[in-house]
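Next come the structures, one after another.
One chain, chain A, appears in both complexes that follow, with chain B as partner in the first and chain C in the second.
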Partner chain A sequence: MTYVFQFGIVFDRFPELLEGALLTIRLAAMALVLGLIVAVTCAYLRMSGPKPLRVLVGAYVEGIRNTPFLVQLYIIFFSLPGMGIRMDANQAALVGMVINFGAYATEIVRAGVQSVPAGQIEVGLALGLKRLQIYRFIVLFPAIKAVFPALASQFILLLLGSSVVSAISANELTAIANTLQSTTFRAFEVYIVVTLMYLAIAVAFRGLFAALYWCVFVRGRER
Partner chain B sequence: MRLFGLNDFLFILSATRWTILLSLLAFALGGLLGAVIAVLRISRFSAVRLAAASYVQLFQGTPLLMQLFLIYYGLSLFGLRLDAWTAVTIAYTIYAAAFLGDIWRGCIQAIPKEQWEASRALALGYAHQLFLVIMPQAVRIAIPPTVGFLVQLVKATAVASIIGFVELTRAGQLMTNATFQPMIVYPIVAVLYLSLCWPLSVWAQHLEKRFRVENVMGRRK
Partner chain C sequence: MTTKLRFLVAAGAALFALAIGVQTAGAQALDRILKDKKIRITAEVTSPPFGILDKDNKPTGSEIETARQLAKDLGVELELVQVTGPQRIPALQSDRADLAISSLSITTERAKSVWFSSPHGALSIVIGAGKNVNIKSAADLAGKKIGMTRATLEEQVVPKVAPPGTNIVFFDEHSATQQALLSGQVDAIGGAAFLINELAKRNPDKGIESKFTVMTAFYGIAVKPGNYDLLQWVNTWVFVNKQNGVLAKIYKEHTGVDLVDLPAL
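The block that comes next holds the complex of A and B.
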């Protein structure tokens, strides 16, 4: 073996990588919030909405869950402009991530809602609450609690999967790594460092979710 | 400019076989490695358990694209000249093993402890306990989530197009470059993936439902 590792070059350009990592985190966090809004809405529509909407949401969920994220990105970034919908790469990446995460999270939230005992819903009906009020005030909180770990791991999958948005030239962590690789020719060093950065971000988010779960669902109940 | 015609469609359609082949190859090889990982994760030695758990953590905690880059570009630096097929097969085998190993460990651990104790009482050795008593029961539980993972694996093969491996997605890209009609090409690619994955998804759901029914019936006895 004659190859000599040179990590110095990578660390000289570390600020650029950090900037890319920041965009990755920002994209993922925004997709999480917007995707959850989509999911909570779609889960409600899929269970209690009018029939055509129920079918439509079902088609959305199954369509997204059975096609690759990369192809969804290509459709958003390359196909939609033909219909007059244009956006830059970072916007397309965010839209793709929201649509993708929203579909998976819809199924997860639905499973959570179905785990809420029927008696609780009947209590809501007995109190004269409307369907939407029951969903909002009675069902949603325990439902999210029940599926919180599943949502967290789905988010980690989204975060790691977001590295493919570099393929539509969004300039997040992987894209920066590609640029660095092509200017320094230190592929192995660059990708090892970036892989470890992804690992660190994933581990940090897992810790954050564990803390969030404790704060919202464990401590909040004691008070 | 060339219009998108039947030949272009046939080109994309025929590239589907590479997607299927890569998925099957990764599933078979990844399944073998994954079975080893699953068994190592329930080992009696904590060092072995830790090593297997680290493997799963490492490959589930990093992007598949990075794993591909590292294997494809990285290993060539060490004088290992890998052709695209070898590199991609290695990467997807490692990836599938991490997920399958984790799924199957869960299935093995879902078997009640009494089964271990009972077989121990019958003086079976560890290997006999594992392969004659625990595994046959665990395999039944494992089938639905394994089929579910197969869907994930088929979709994951799309990422290989980024390093230039020609499969369904890459064929779509090539045809877009030739015909400049992404509006037609990419929806076709998506529909082809859907026709691969949708039946598998439905099958997985069906298996899961059937298993749940059997489980409830079994408990009533």
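The block that comes next holds the complex of A and C.
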């Protein structure tokens, strides 16, 4: 039996897919910004915070990194309402992604911070800076620079991993694709198009990161 | 003129012979089953409550019990041919099974590949929600969030009756859809009547009930095209067991809901 491709059906409903792709991009971008804030804070707390906070952050990081993302989403979406915390599917998806990305990024940022030579921190101490000031002005910048590629990769993983949030009825790209597939029965066509869309988004983000790296860390700093 | 007449006679004879041939080929199915004292019936065991494996890994469920009853009434041994959902029709076409009794909904599309008996069971798609949710008909769905599972019958039929302003959200698994209702993430869900019933029974504190029936799909017993004699006997069997209540009893026992009135095909 030869398979006859019928892409017409998919292109007829391309606007729906585009809307899904936009939500995917929005979710990933917001998760990136919020997740980085979480990561930078948690990395600082895990290394230099008071003992109880250090333990707490450690538990958060290990707890998230050693459990499935899907289960984390189920807990946020299905279990938290029982405790009076109610979010719609897209909000729950964002919260899940921030928490998940935050945990992984915390470890990446921490690795970056630890790669900063001790002498540099001692210089800060010698200048009479406080610990938070040293972190903010001396450590953070070279730390992020050192782990920038790792952070970018983790973000791409987050972007692609966002396909899982369709399970809690968030209507991002994969959710739209699943619905399209089960109503048109053109699985091949739908998923081929969606694959290309994910690829385009991921490549675009990689380009964006490369540009960002050049602008922030390279330009005007060659010496 | 005589040539034409002779041609007509020859053509008529050929057609007659063909008809006899088909007749005998068709008539053989029931005779063969009776002679072999064995009937082969499909068993889909991953589709509760129609077909499942019990604690001892033995097939059971309303469709399996229907098959057992049919074989018993025919006076032959039953051989269950395990199939998955998509294999139900191919199993007949490839002669691996004599009958498909696997909650095969009667559709014009499927009737191109197999012959259906009169329906022996039905599957109603209903809207289920908590007692305090005010839904009486499809019009009340407007402004409500309705959950359902992808690639199901409800996914096809509920959006058709839902008025504009209905917020329909899709999940990948029945369990997720049901959990969404239990945790209050959706106002109501669409699903098979027995699933809603089961959900209500397991969560008495939620007061879940069926609000209205969206549509009822009937399923029948299928035979390979051409097996007139077997189909005739099956139709007779369905008629008799509809009248004496055996089908309704099996259905209620396994699905927990009453069987609706079954029309004839």
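Quick note on the criterion: the second predicted complex is superposed on the first by the 219 of 223 C-alpha atoms of A that agree within 3 Å, B and C clash if a C-alpha of one lies under 4 Å from a C-alpha of the other, contacts with A are read in each partner's own complex, and residues count from 1 in each chain.
Note that in this section contacts are C-beta pairs under 8 Å (C-beta built on N, C-alpha and C of every residue); 3 or more make two chains touch, one makes a residue touch a chain.
All of these numbers come straight from a predicted model, not from anything done at the bench.
Residue contacts after overlaying the shared chain place A:N90 against neither chain B nor chain C.
By the touch criterion stated above, A:G82 is placed in contact with chain B and with chain C alike.
In the superposed pair of complexes, A:L160 makes contact with chain B only, with no contact to chain C. In the superposed model, A:S48 makes contact with neither chain B nor chain C.
Of the two partner chains, chain B is the only one touched by A:L199; chain C is not. Contact with chain C, but none with chain B, is seen for A:T179 once the two complexes are overlaid on the shared chain. By the document's definition of touching, of the two partners only chain C reaches A:S169; chain B does not. Of the two partners, chain B and chain C, it is B that touches more residues of chain A. Chain A residues in contact with chain B (one complex) as well as with chain C (other complex) are 74, 78-79, 82, 166-167. For chain C in complex with chain A, the touching residues are 147, 150-151, 155-156, 169-173, 176, 179-180, 182-185. Against chain A, the residues of chain B that register as touching in their complex are 58, 61-67, 69-70, 73-74, 77-79, 151, 155-159, 161-162, 169, 172-173, 176, 182-183, 185-187, 189-190, 193-194, 197-198, 201.
The part of chain A that touches chain B in the complex is made up of residues 1-3, 62-63, 65-72, 74-75, 78-79, 82-83, 156, 160-164, 166-167, 174, 177, 181, 187-188, 191-192, 194-195, 198-199, 202-203. Residues 74, 77-79, 81-82, 86, 88-89, 166-169, 171, 175, 178-179, 182-183 of chain A are the ones touching chain C in the complex.
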